[in-house]
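Notes follow once the structure below has been shown.
Here the chain labels run A, B, C and D in written order, and each chain numbers its own residues starting at 1.
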Amino acid sequence: MVDIAEIAVSAAELKLGTEPVQGDGVRLSHADPKARYSLRARDAKVLADVIGCALPGKIGDTDGGIACLGPDEWYALLPAGTDLPRGEGLPVSVVDVSSRALGLVLEGPGALAVLSSGCPLDLAKMSVGRATRTVFETVEIVVWREADDRWHIEVWRSFATWLWNAFLAAMPQAK
Amino acid sequence: MSGFRLADGGRIDRRTKRTFSFDGKASWGYAGDSLASALLAQGQMLFGRSFKYHRPRGILGAGVEEPNALVTVDRGPGRVTPNLRAPSVALHDGLAATSQNRFPSLRFDMVALNDQFGAFFPAGFYNKTFMWPRAAWEKVYEPIIRRLAGLGDSPTTRDPDHYDATYAHCETLVVGAGPAGIAAALEAAANGGRVFLLDEQDEIGGGALSDPAQWAWLAEASAKLAAMDNVTVLSRTTAIGHYHQNFVVAAERLTDHLPVDAAHGPREKLWRIRAGEVVLAMGAIERPLVFEGNDVPGVMLASAARTFALRYGVAVGRKLVVMAVHDSGWRDALALHAAGVPITAIVDLRRDIAPELAEAARDARIACYPGYAVTKVSGRLAVDGVSIALAGVGKGLKLDCDAVLMAGGWTPTVHLWSHAKGSLRWDENWGAFLPDKTHEDLRCVGACAGAWDFGSGLSVGLLPAPKPLHESKAFVDFQNDVKARDIGLAVQEGFRSIEHIKRYTTNGMATDQGKTSNLNGLQIASGVLSRPVTEIGLTTFRPPYTPQSFGAMLGHHKEALFQPLRKTVIDDWADIQGAVYENVAQWRRARYFPQGSEDMDAAVARECRAVRSAVGVFDASTLGKIEVVGPDAAEFLNRMYTNPWKSLEPGRCRYGLLLGEHGFIIDDGVSARLAPDRFHLTTTTGGAARVLGMMEDYLQTEWSDLNVWLTSTTEQWSVIAVQGPKARRVIAPLVEGIDLSPEAFPHMAVREGQICGVETRLFRVSFTGELGFEVNVPAEHGRMVWDAIWAEGQKHGVTPYGTETMHVLRAEKGFIIVGQDTDGTVTPDDAGLGWAVGKKKPDFVGKRSLARPDIVAPGRKQLVGLLTEDPQMVLEEGAQIVADPNQAVPMTMIGHVTSSYHSATLGRSIAMALVAGGRDRMGDTLHIPMPGKTISAKVVAPMFYDPEGSRLNG
Amino acid sequence: MKRFSGFNLIGEAFRSHQGWPEHWPDKAPKASYDAIIVGAGGHGLGAAYYLAKKYGITNVAVIEKGWLGGGNTGRNTTIIRSNYLYDESAHLYDHAVKLWDGLSQELNYNIMYSKRGVLMLAHNVHDVQSFKRHIHANRLNGVDNEWLTPEECKAYCPPLDISPRTRHPVLGGALQRRGGTARHDSVAWGYARAASALGVDIIQNCAVTGIRRGADGAIEGVETERGFIASRRVGVSAAGSTSLVMKMAGLDFPLESYPLQALVSEPVKPIFPCVVMSNTVHAYMSQSDKGELVIGAGTDQYTSYSQRGAFHIVEHTLAAICEIFPIFTRMRMLRTWGGIVDVTPDRSPILGKTPVKGLYVNCGWGTGGFKATPGAGDLLAYTIAHDAPHAINAPYNLDRFRNGRLIDEAAAAAVAH
Amino acid sequence: MLLIHCPYCEEARPEVEFVYGGEAHIARPIDPSAFSDAEWEKLLYIRSNPRGRHHERWRHTHGCGRFFNAVRDTVTDVFETTYKAGEARK
């Protein structure tokens, strides 16, 4: 006789927490609000002139809140409200994506283990100050190592609830 | 000796008793026992019943190779696990195990009658019978076969346990923590890299756990490993498989060894490890010997008896006979003797025994029978003696005993090596395959590399016997009841390849995966065929190394975390309003908003009327959005879409139709030009990622000269559709900086400005046929703006509507939904969208395919409208259409209904359909045969409401 | 051929089964044949059998590079069904289902065809529309396929979780009662034995190394590891290796070969009474007569001949299985394996003539070839015997990739909106 | 899970970050309308599907986002090399 009890929590009932969660050796919280830009250009110099900021030159490097994600792509995490010039008519693309993603922060000695529970990169070898786009299981994220024990994770808004809860599930085991 | 527990020795903790039950009977053992050792200590010899004949079976091995002693462990509701190997089940307080595959009890099993009739069930018997009468196969034979098959019972309720998973990285991964693995780990760790050492047992040590002489060393090495920061030692962790580029997957068992009330956290953990170098130190497994009666409970591997005695302090009998063809059997016998286990005799097929072994046996007063073989084991539920004969056929004698130990030589564990596609070579000395070459950074050490001293011996598998092969009951695969004669029969019936023999006899396909049977099967086939083993082949090893729970494989992806469910920022509002949802791609969307006891039809009718007569609001945020920016943006879109884009002025919108290169519609959406070098594209909800990927493909690989970039903005913008004659009045008080007058802001225009104090891209577009706006605001403000529109809308009778209403409204206007009215085989012309194809454009994606012969041939299915003769009859979506309803099955179908609704606006049903040559059938009556009735409908243009579009321009 | 029957089985039991002859004698290749089939899978052996049985061509060789039935025939999850959407597909697969019925008796070999029903689950409105379309089309084509409510699905398959709280709630299902499974190895062996009895030579361990064409371009025979074998008619039924064989004949084919994985659990007592498929959740499962849960996993994303798939495919597959059937998380995976599936651009097979006279092809079955085994064999045999396709396989020509008349069942189920 | 060297990121990354893009070096013509049906069929559908060296496209979708080319042995799945889009066939 098969008897399948209903699940306690359904995917639809998962909640995105608002307050930080402190676990044993790891803390999960929301990052401060940010202005986010997707910046594109074949020639970094033209783009740098448009936005008036220096751009990191190598994929994975960051500089002043801007990460180089690809050969012609940068991702800027700037103080909320920052308004960048669009460079109209120039061979650049400046797109405001401030609302597209949410920033989550994992910090503490267990943070690496939480992130590694679903991210296949060798994150221990990632230097402080590096950033990259990657995945956590099937969800795309941008990982930014802000300090030895502090990781900033950018995730598209509608995936944040799942990711928050996946982190919560991994936290008790991450000591 | 008390019972079968030796007076001393072993790694068990004799001060700590553990109580457990087996088949409901209370029993006890010590901390450190396995279920098998604890039961053996109580004198239990009978552990299970075999798969096919239900023959009584005891313990064969002391590790994962065990084929017979399978039990079900019950840890409470939802926590029942079948088919666990008793030697691998750690004893804990409260452990409740039951035997399997017997009815009604282990000692008295009625199905064991099968054994009496075993002669009628040789290998492959089912292929030869159960064919007459034909109907009986389904009704009688198959149900009986199915009921008799299977081992334990499946769980029947939801598993309350959770599972963990992680990725891990190391420079060196060592699989197997026996002496060779530990040495390899220590060596690698000294170089400073990250080292993982995995072992499947409860504690590390491997073979050393059964050798007290090594315990001091083991303790020292364990301590040393534990003290090194760069070393991770995982016991109870089985390396399941080796995958490409040293990706090794392992499962760690976290709680099953603990009493239920002490088990917290995940039950198992999946380790997905990428290693620089992999060192396999997986050891070797002793082979049984194949002789008459080798499956009677009490006949087991010599190495198992050694482990039970020296690791667990249990004698497997009081009078043991060893049947060896290998030195290791003698060594084990001597070790057992030294530990106080009474060895009566050593029988060895070899005439020449190494003098030091023979001498030591003599000193131990063990009778030796060189040149002899066991020819028969007497006893049914337990051994009570063996017959032996010179060379198996000569003069015989009987020996009194209660257990028989088999020493048939050793098989290196090359499974993971083989997973990695490493090649194997046959080694005569081992009588087994050894690792040869690999293209991975992978090596074997210790016994699995063939680098271990077990002594020497024969590799015979089958012992010589007085009976001819076809009469013997000598088992090769114990669990699956494969006898040596079954292999003989397979060969006789023409099966020559080892893969055929395996599949025909099922040798090696049991839950032990052939760990003790593969090589013996191969040897026997080789003997019967008189061909060398290497010509018969080797069955390939596939992951997992041992059976692994589904739960461990899925890690966190269980229940609520199975897959993300995407929700918009307005979803919570819809939830409070009692919306009924539907899943679309990864999203959930409000389908309709029932009030009171309304069903879907009533709610949708009300929502439709509201939009047509007043105003409705709809959360369209899930639509895909792409920002296309750069000097060549218009040129790029012109190449991607079917229609012209270069002439579109900033501030205006255009419907875009996207084809695959095969010429069929794959997506559509309304897009806006915000500036000469900036477009805001929309895609379907489900197509967003696919369209972006496709566009990136063309941009990067075909037209890399274009200066244009694509950015997904799907989640940047919340989209609130405000539709209906009063739409302008609802948003007007909220909007700043945009002239909303029809003259300044016509249909298919876009303006940037502010709404409720935040920036907006305001589209004047309509998927409903009414005056309409789509308010795009940054998602962080989406809910606030929605609330404001909702509040303002109260003055105008605003009604929220869902996707179902959206579908009805657009169908009344004949707007298609890609994926519903198209199905991947529909061209623009088929869909009546020929107008959206730029005739003068020299090229666009898919254009060339539209000129293929079948695409331009007459008679293609074309999108039309259908009006049923009975206006209240709503056709079923997917219903098939025929011209002649009176034809016989199979009928000639000329099309199908793609969309069908009751239109509250029109007070009748409407439908869209793809019909062969449909546009030439306008006015014709076609037929839709349904079960028990045929519905007639007239072909009309797919436009049911406001064909002039006057309402759009209000 | 000694007849298989319960009576003979009992008779043989009294002489220890020493009277059973070889299923098929191991033959050395003759110098020439009237027809050669390349590839001794179920399809190729079936073609040889029907050539001999129905079309009177008995001087036939089946040549196989490895052991017969060792490719996809012996590696698939044995699902049989015919509830396809398009007329072309419904006719093709239903032709096969009709042959499955009674095949045990025809071959005098119990291939254990089990009509336990194939239930396809609908998880969203789009699935429902698509399945209804299938059901209506099937009904008018005379193919059984019926709609079940979630409760009826649950009654048909009790381990199914139909709670609306799951991530992909079950909204209903399409059930083909004649669908089911068969024992894959037995199909290959049954055809081999029956074909052999009709005079067909089965030649294993004999890889094709070349295809010889005459001055007029027509087929003259095949070069093999064991020498040249002449024949004016060669049918290629080589699944994942078809591209390679066709290249020997100078033909480039619209095929790509992908790794496909499958797995089974440990055997348990009967718990799962039918075949269930869920395209939306990506789960396919049945329980074998032996008691193993038989689970189809997905293909890897890249082409490969390695017969070795990636682990994350297994992870996703088992997560999907446990989502739909949550009672199975404690069941244990016993074996995984990989096959090589040949996939065409429209994921429908190619079955018919080729531009080379005397060269016929049966390929491109992707992940779904087992169910078509008797039909494909029969139609390939027909095409070889008549040098022209049967009406059922005529649409499955190579020309469709040129003229655009594709038969794209998967596209018809495509999701957008 | 394959480990793929991305020629842009200049490091080996896990397969799940990548999307396979089919056979490489099949260039779309400047003027498809000049192609015969047979030529168009070849471009759309005919694939070499070799046993051995295979030139193929990958996109580092969940990384740098770039398409690039690779040479992989389809029997062993071992990558011989990867190189940037636009570079000559290797």
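We take it that a contact is a pair of C-beta atoms (placed from the backbone, for glycine too) under 8 Å apart; a residue touches a chain by one contact, two chains touch by 3 or more.
The structure presented is a predicted model; accordingly, all values stated were derived computationally and were not measured.
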item	value
Subunit C reached from subunit A - shortest hop count over touching chains	1
Contact-richer chain pair (by C-beta pairs counted) among B-C and A-B	B-C
Approximate Å spacing (C-alpha centroids) for the pair subunit B, subunit C	21
Rounded Å distance between subunit A and subunit D, as computed from the means of their C-alpha atoms	29
Shared interface positions of subunit C, touching two or more other chains	166-167, 271, 306, 308, 310-311, 326-327, 345, 402-403
Subunit A: positions in contact with at least two other chains	2, 4, 7, 10-12, 120-121, 138
Residues of subunit B whose C-beta touches two or more other chains	156-158, 243-244, 247, 272, 274, 421, 557, 559-560, 562-563, 565, 662, 849, 852-853
Touch-based graph of the chains, sorted into line, ring, star, complete or other	complete
For the subunit B and subunit D complex, residues of the former touching the latter	243-245, 247, 272, 274, 421, 439, 661-662, 693, 696-697, 700-702, 704, 842-843, 847-849, 851-853
In the complex, subunit D residues that touch subunit B	1-3, 14, 19, 21, 27-28, 31-33, 35, 37, 40, 44, 57, 59, 61, 65-67, 76-78, 85-86
Contacting residues of subunit B [partner subunit A, same complex]	156-158, 162, 164-169, 194, 265-266, 269, 272, 274, 556-557, 559-569, 581, 586-588, 627, 629-631, 675-678, 707-709, 711-717, 778-781
Subunit A-touching residues of subunit C, taken from the complex the two chains share	158-159, 161, 163, 165-167, 271, 326-327
Contacting residues of subunit D [partner subunit C, same complex]	1-2, 15-16, 19-20, 22-23, 37-38, 40-42, 44-51, 54, 56, 72, 74-77
